[in-house]
Amino acid sequence: MKILVINPNTTERMTRAMADGCRSVCAPGTELLMAQPASGVASIEGQSDGAIAAFHMLELIRDEQRTHAPDGFVIACFDDTGLHAARELVAGPVVGIGEAAFHLASLVSARFSILTSLQRSVAIIERNALAYGFSGHNFRVHASDINVLDLENESSYAALADKARKLLAADKSECLVLGCGGMTQWTARLTRDLGVPVIDGVTAALKLVESLVALGIGTSKAISYAYPLTK
Amino acid sequence: MKILVINPNTTERMTRAMADGCRSVCAPGTELLMAQPASGVASIEGQSDGAIAAFHMLELIRDEQRTHAPDGFVIACFDDTGLHAARELVAGPVVGIGEAAFHLASLVSARFSILTSLQRSVAIIERNALAYGFSGHNFRVHASDINVLDLENESSYAALADKARKLLAADKSECLVLGCGGMTQWTARLTRDLGVPVIDGVTAALKLVESLVALGIGTSKAISYAYPLTK
Amino acid sequence: MKILVINPNTTERMTRAMADGCRSVCAPGTELLMAQPASGVASIEGQSDGAIAAFHMLELIRDEQRTHAPDGFVIACFDDTGLHAARELVAGPVVGIGEAAFHLASLVSARFSILTSLQRSVAIIERNALAYGFSGHNFRVHASDINVLDLENESSYAALADKARKLLAADKSECLVLGCGGMTQWTARLTRDLGVPVIDGVTAALKLVESLVALGIGTSKAISYAYPLTK
Amino acid sequence: MKILVINPNTTERMTRAMADGCRSVCAPGTELLMAQPASGVASIEGQSDGAIAAFHMLELIRDEQRTHAPDGFVIACFDDTGLHAARELVAGPVVGIGEAAFHLASLVSARFSILTSLQRSVAIIERNALAYGFSGHNFRVHASDINVLDLENESSYAALADKARKLLAADKSECLVLGCGGMTQWTARLTRDLGVPVIDGVTAALKLVESLVALGIGTSKAISYAYPLTK
Amino acid sequence: MKILVINPNTTERMTRAMADGCRSVCAPGTELLMAQPASGVASIEGQSDGAIAAFHMLELIRDEQRTHAPDGFVIACFDDTGLHAARELVAGPVVGIGEAAFHLASLVSARFSILTSLQRSVAIIERNALAYGFSGHNFRVHASDINVLDLENESSYAALADKARKLLAADKSECLVLGCGGMTQWTARLTRDLGVPVIDGVTAALKLVESLVALGIGTSKAISYAYPLTK
Amino acid sequence: MKILVINPNTTERMTRAMADGCRSVCAPGTELLMAQPASGVASIEGQSDGAIAAFHMLELIRDEQRTHAPDGFVIACFDDTGLHAARELVAGPVVGIGEAAFHLASLVSARFSILTSLQRSVAIIERNALAYGFSGHNFRVHASDINVLDLENESSYAALADKARKLLAADKSECLVLGCGGMTQWTARLTRDLGVPVIDGVTAALKLVESLVALGIGTSKAISYAYPLTK
């Protein structure tokens, strides 16, 4: 099966880091396609960044659908930018890394903590969770206050791990969700250091899309995600 | 005060109808600015339409902010497309016509019904309501199954009124919300025919923005709606 | 239009302070009527104070309706004492200052904090918010532990501002709601000192009632707020 | 122990019917006191009736507290009029018949239906349930559309039973709650005819107050229900 | 009436302590039956302990139903282990001590705190509360981090009382619920020391079952709690 | 990887049907282990069936863990019987087929309908959904009123498909969840006949467990699912 992982921002380095993560977990039969829009924003930090990125991402999805016809799609921004819109364009499953992490964390813990980059993203993530049907009683969302593009630096790791440890204790949580695509590379290290499951949305979403494709389950085209009307 | 009412779709006829509605209720001191993006979609029927419209609307807001510096903004699409993103771009208040109708309906009724155009919009409106902080226990959302661009025809009125009457009875509701910018012109007639308050989001949002500007209350620039980061 | 602002307690000084606030924001065409019951309680601090005040306020509304026939009504107690009952008595819109503040705060911030006078009022305000259809996920209610009648003293300001600053930080809130009619006079000063929107319910409710009257939207007389049955 | 059952309306016949019901279930050691306000409303049908009744009931409670010092209190109106206010006045437990029914129904069924008299009371009861901490996912509230004062007529029974049977089927409910003090006398007959538990709030509240008094549990005087402040 | 109080664990000392508590509050006409399974777990600390205990308890209930035909049943584990299953087996009311405490605490306080033994039980109790129809907005659950079997030692009292005092202050709560059957013996002492109502689930459940039996209200056998199907 | 799929009831035919379904979708590297308890109940229809089945299933898990050390576990009963308890016993992921279906349905539809066998299971499934963190706003649960053991007959298909079609229309749903392990064999046929995604919990759970194992994510052993305490 062909799965397209889309980094909705224009920073190639981040796309490559995601590709590395995905390659290490994807099934033997999965052909991994990576893509990012040619224009848009270098990182998604807030709602207007997200709206711009979503616009370019939707064009990209239309193009990729025509040229590569992927069987499933991952939207690799923890805000799940443009997720509902993307689902209208294709028949295959489309999974955002934010929602992927929410769903998997719910399967292995009774309470989990989400650590995103900036405080301004917290309300976005909370709104998304409500929209996905969650009530919010078993998780809390926090900000690391480290910029998205700085997250990949080795020097950021200690601060990130320390923040994570403290919020797990304060929330009495038993699982950590990495709430930003740029934290992917720290997943294994944090898992070792924290002693609880650590969930990276990018690889989580990839496995969910693989699962849906293997099960023959696509996006419902019945009502909310029917193809756009032509006018 | 200068208030910019933005029709996020490209259909001028709809912008003019909104302008008529707004002019009939705006305060003496209000200078009404109307705008619509030059490109985008002719009507917003679903999420991908909304994402495209939001992108062009955000550019429009940046332009208008530079050239006219409005004191407040109305986003005249019941899906409140691009609302959170728009709030990041300006310091004045930004109110969507969907949320405006929710808030005013809550003030005059214990239960209200929302009638939107298409079934595919129902989930969008329900998600928005949750995101605004409502729990959903005192309203229901329904579709008229009449296309946005047909709504303005005289021939659609009877079907619309009939649908409204039936859902008010079924929901045991005491107020009707018009869940689509294209229903604006029927507000007064439906109010007479149904015998309950009928709320049009466009004029509702205009009055809310006027109120906020008069009170000196703008969009909080503290966290979630801080100006976009420059990169 | 004639708008009646009712202070449900018997303290004239408080009524006058509210009148000052209202005059500074009301529309040119608004005739402002102020009223307070001749008997009842000097301040509303808790539920039994509220029940007594509501009783006298309802008599007052009946009187004023007969003598002045206001077009709309403001109930100027943050507990929104007697709000639902008052709506049964009249056809014009009736807005409580508590609900007014909730609705406007939702339009300019993703999370807000409410600062009321006494801890005993916190549960009342939380219950009201649920009753208005809010889920409570985007606000927190706190007490200043300063008595209603002391709030107007200059000497209380520093303590109030300090409390507000701390709870905004703790809640990671981006907007402050003044949860007591007696805090009205500090609105502008707190706005300057805190750097976020500060919402005073009295003026908020006044503008909402003006808006509803301008839109021709009254209290629905269909079910819940139908006129009282005669027996 | 002395338990005061207060009918908040002024209709003596209703008070006597309640007394009959209470006498048939009260514990051997319980001294039953019945009371009703000398003035107020003949029946509580809506919010303004409730506010007037609450005012007079609070005076009655103060009087009775002084003269008879009851150990516990029942407020015998399904809207639980003045409940929170009453709790401030005394140290003994105060239970409303609406909340009593909610709590007991939750103990014997996974889903229950509430049948009140008039449609205008439905929103009141739903709001109360939210205020008591219920989420509303396991019950539905309906109106019989029979006036409170007509409910006691034999001729009303067939219509009431028919309505109850239909709504239990429609709700897929397994328990019926009688949502009005005037339905008390039909409890046993409906239980036989419907084949599910039928809960009358008046006797339910009486047994809950007896239980609380026996356990030595009174109303908390710590915060929300502290005695009213003297001014 | 005959009421069976079941300690679902096998520790006799705990059963005796519960019997002492029950005897001190039960009605004159109540015949108190105490029982505990012959095999199972010595204490219930977590979900698998609970599942094992529930299995043995269900057998015990079948036996007791045959031999003693109790009129009502108390399940004396704060996790309410096997509660829903037990209700299928009998026609009398079955009340868990966890739910009993939730219901009574709601009647005497606007906000309450639950103190259970171990952190691992917190998620169980929160899940139960949701399942009973509560929304969770007016209580918080905490762990004392004292093992169930140590709770009865005099030496544990000071730590328990201190913990309780701190969490009441932090939660701004006005009532304490003892969230573990092993805390029963401290009820009166904590009530004196804390100055707020302290609710012990065991005696609370006993009085609720007495009340339901007195009212003639049993478990609904209509749908969810119908007798098990024979296969 | 070794994945153990446990049918918690004792009906071998059902285990074999599940095995067939699982084999058709499992990854190349997955070693599929099937198991069912030697004693217990022939089918799980209600809570006491579930409690008995859970007890025997927990023993089975302990045995299998010792003898085969599976990497992950599927509990193949839509009620997710014993799920939380099972998670305490092992370090690998444990997924119930009910929760699996909830999570996958949320990824491909904005609203879904669950069709279980008997009405008595509806409340169980709704309670579980709340416990998993869902709010319930985007799904509805229904009963087919066909017994679990009859579901596999060809003659049941037409009734099942008809019921499904009707409830999708009534709920305005866009995805069907098969709410009972015994419906597995109809998944593909219903998908063709209904034109919307149809989700079978058994295969859904298998793919989720495969995904979690591939990602190195096990059950958190930190708090709620820590190993049982030894006493």
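As written, the chain order gives the labels A, B, C, D, E and F, with residue 1 at the start of each chain.
Criterion: contacts are C-beta pairs under 8 Å (C-beta built on N, C-alpha and C of every residue); 3 or more make two chains touch, one makes a residue touch a chain.
Predicted, not measured: the structure shown is a model, and the values here were computed from it.
Undergrad: Kindly list the shared contact partners of chain A and chain E, in label order.
TA: Correct list: C, F.
Undergrad: With one step meaning two chains touch, work out the least steps from chain A to chain D.
TA: 2
Undergrad: With residue numbering as the guide, point to the option in A-E, C-D or D-E that repeats A-F in over half of the contact pairs.
TA: D-E
Undergrad: Rounded to the nearest 5 degrees, what is the angle of the rotation that puts chain B onto chain E, matching CA atoms?
TA: When the C-alpha atoms are superposed, chain B turns by 180 degrees onto chain E.
Undergrad: Report the inter-centroid distance (CA atoms only) between chain B and chain F in whole Å.
TA: Centre separation, chain B to chain F: 42 Å.
Undergrad: I need the residues of chain F touching at least two other chains; which ones are they?
TA: In chain F, residues 84, 110-111, 119, 122-123, 130, 136-138, 172, 223-225 touch at least two other chains, as defined above.
Undergrad: Each pair of chains that touch: what are they?
TA: A-B, A-C, A-E, A-F, B-C, B-D, B-F, C-D, C-E, D-E, D-F, E-F
Undergrad: Please name which positions on chain B make contact with chain D in the complex.
TA: 110-111, 137-138, 172
Undergrad: Spell out the residues on chain F that touch chain D in their complex, using ranges where they run on.
TA: 119, 122-123, 126, 130, 136
Undergrad: Can you name the residues of chain E that touch chain F in the complex?
TA: Against chain F, the touching part of chain E is residues 41-43, 45-52, 54-55, 58, 82, 84-89, 119-120, 122-124, 127, 130-131, 147, 149, 223-226, 228-229, 231.
Undergrad: Looking at the complex, which residues from chain F come into contact with chain A?
TA: Interface residues on chain F, with respect to chain A: 25, 27-29, 84, 93, 95, 99, 103-104, 106-111, 130, 132-139, 172, 174-175, 188, 191, 195-197, 199, 203-204, 207-208, 210-212, 214-220, 222-225.
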